[in-house]
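These are the structures, in structure tokens.
First subunit A sits with subunit B, and in the next complex the same chain sits with subunit C.
Up next, the complex of A and B:
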């Protein structure tokens, strides 16, 4: 069943080799170096391997974005943003060097060498070292570029989703703020004596002041009993979204329960 | 049986195949993962199987004659090599699981056979066209 095909003969009668000596030498050297690095020196490499930084090694923009977010959070919480640690800087630098310098250089160099040999070779031409170099370069470029494609396609969708989410969250905060104002107004009504237009320990008779009942953010209703009040705010921008606050005579801050509906959830 | 010869293994391609797996599969995995082999199972599994399939296909296609057994032996040797890094490759959750190692070995061998066979088919088609 052996269907080995004889190697093509060169014009002078010599058999053409499948691999050139430089191909074999380079491949064996790279194999040895890879095994040595992976099995002997892996844990001695300076990069913060196993961390988020290590895993996005070829994508320095992700590392940079992470650092920017960390700085923003530090600013937000009143801390001074720290300078990025040396390993992060090193990871970004190596990512740039590998993805944008070493990868393209190896690929183009290998491609050029292969192109120089092409006119004299057919499909069964001898494998040369330049093939190894160009494939490794191509792999690095391919790996660095591939994740950028879905990112570019999804960018506008993500951007629009983020804007929409932020707008909903902003409106939710505004409705909550309005309801809180009404709740304090109702609580004040409950504790004031009747002589000061209060309920004297009861919510009965409470009505939302006209200025608070409808704002640019939403419209508000109150369901009142003597001991309990339920305030419902309906968003003006997102009509399917509601916020409800229920509380008793202890006030909204003591046992008040919030409920969110629609996109406010 | 007359007319049927026992196929000789081309050890040259076994060696080259093993080097291919190390250089074009282990090395890119190592570089892409930030000079480490600590990876999540799903992306690593996808990467490993796709990478192995491509390399086995290339050996089948590029070598002269029928070379299906050679990439299979290369994959076997490569699997044995990866056993030393198994703990890192598959993370803590699956480290030491004999069944996963056996399943992994079996699947890689099956895939090497299929890919090399496809490579041979492709080579035959290219030759027919030429």
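Up next, the complex of A and C:
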């Protein structure tokens, strides 16, 4: 206490510090209370259940990404995405305020003030206060910033893995679609009379039309007997990947069997 | 001073955040708020990273700020690009599934009629149109047909026209997006998937209209 009184009497202007003990106590109490509300009671008080977790709260971009994907899923199900609800918007705004305003401000001001007050280490409450503020600010910004580093490093790998997986799936869908078209063409061949270049009840003599035999997605072959056709599609982009469809005169949709090879499995 | 900084920063970010009107997407607000947030951190760093903080500490701090700032920017923009890509992929996948389903509904319906038609032999008692109507009771221009195994969902097969020797079917979907967003669909909607199947005595021809 004596030390503090002495410090406040110093003639060099240090008694006009902006971190007065009362202010520091108030700031710590407010910050602690806010953090408690945010991290412990967020589901009940601030955020609707399931919209965010404490971790997501500090990463508003993860909440925004989740919302974008949720909108995609809603459109997938035929629903029109509605405007973001106010709780989610506020959660995202609070994330920006904590991570980019409150955290850095407490940390940098606290650090600066500690350095400024270094010659007066006797001023316990003030110095402890600025140290605590600095630590709180540091915790906030580092918990927001540190996970961003591995995220940024892994970003290209994750993106490339996702895109490559999606490209394989997309090509598989395209090959399936091409084979389905050929299958209907073959089924039609079996129905049409010979006068219209059909098989008149038989697949014998069927050949895949040139326009369908090779596309940008793959190349296709048919193994034909009178009653059964086996169509094999080989991917143009992934040569080790094949799709096979076997069906009889009932048509591809009635008992046709599909088989996938390579990365299409 | 710290209170002024805090209030100023919070006010700037909050105002910027609410500048874009509310929408299903959070990115416009978030990206807008990011501008004053980044400027704030720069200004704050310039203000606080000065004497009595040592020169070495200042340089190290600036390096850390640039590195972490870059990492956060990369993580932020990467997340936006990735989530938008996934959103678009979901819609593309939906369109692909829809086209496949429409094929699987319309082709068997048309080929069944073709098969029945030719099973009559050389002397045809029923025209192709009549056979189609017999197999699909109630089929008339503008009516929907209920193909086998077709669930009551958002996709449908509609008879566009029906004549003695030609049946035109349109496969359509209520909300699955097609290639051209300005395409006028048969059901009055715009930009949705639409596939055309024309059944004649020569077989079924298929055209993906959108």
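We take it that the second predicted complex is superposed on the first by the 183 of 265 C-alpha atoms of A that agree within 3 Å, B and C clash if a C-alpha of one lies under 4 Å from a C-alpha of the other, contacts with A are read in each partner's own complex, and residues count from 1 in each chain.
To be clear about the criterion, a residue touches a chain if its C-beta (ideal position, glycine included) is under 8 Å from a C-beta of that chain, and two chains touch if they have at least 3 such contacts.
All values reported here derive from a predicted model rather than from experimental measurement.
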{"item": "Contacts of A:140 with subunit B and subunit C, given as first, second, both or neither", "value": "first"}
{"item": "First (subunit B), second (subunit C), both or neither touched by A:167", "value": "neither"}
{"item": "Which of subunit B and subunit C A:177 touches, first, second, both or neither", "value": "second"}
{"item": "Comparison of subunit B and subunit C by subunit A residues contacted", "value": "C"}
{"item": "Which superposed partner A:207 touches (first subunit B, second subunit C, both, neither)", "value": "neither"}
{"item": "Subunit B versus subunit C as contact partner of A:223, first or second or both or neither", "value": "neither"}
{"item": "Contact residues of subunit A, present in both the subunit B and the subunit C interface", "value": "18-19, 27"}
{"item": "Parts of subunit C lying in touch with subunit A, wherever the complex brings them together", "value": "1-2, 5-6, 9-10, 13-14, 17, 22-27, 29-30, 33-34, 37-38, 40-41, 44-45, 48-50, 52-53, 67-68, 70-72, 74-76, 78-94, 96, 99-100, 103-104, 107-108, 111, 114-115, 118, 154, 174-175, 201-204, 206"}
{"item": "Complex contact set, residues of subunit B against subunit A", "value": "4-8, 10, 12, 16, 18-20, 22-24, 26-28, 30-39, 62-66, 81, 84-85, 88, 126-127, 130"}
{"item": "List of subunit A residues in touch with subunit B within their complex", "value": "1-7, 18-19, 24, 27-28, 30-31, 34-35, 37-39, 42, 45, 47, 49-50, 53-58, 91, 98, 122-124, 127, 132, 135-136, 139-140, 143"}
{"item": "Contact set on subunit A toward subunit C in their complex", "value": "18-19, 27, 60-69, 71-73, 75-76, 78, 81-84, 88-89, 92-93, 96-97, 100-102, 104-106, 108-109, 111-112, 115-116, 118, 144-145, 147-149, 151-153, 155, 158-159, 162-163, 166, 170, 173, 176-177, 180-181, 184, 187-188, 191-193, 196, 200, 251, 253"}
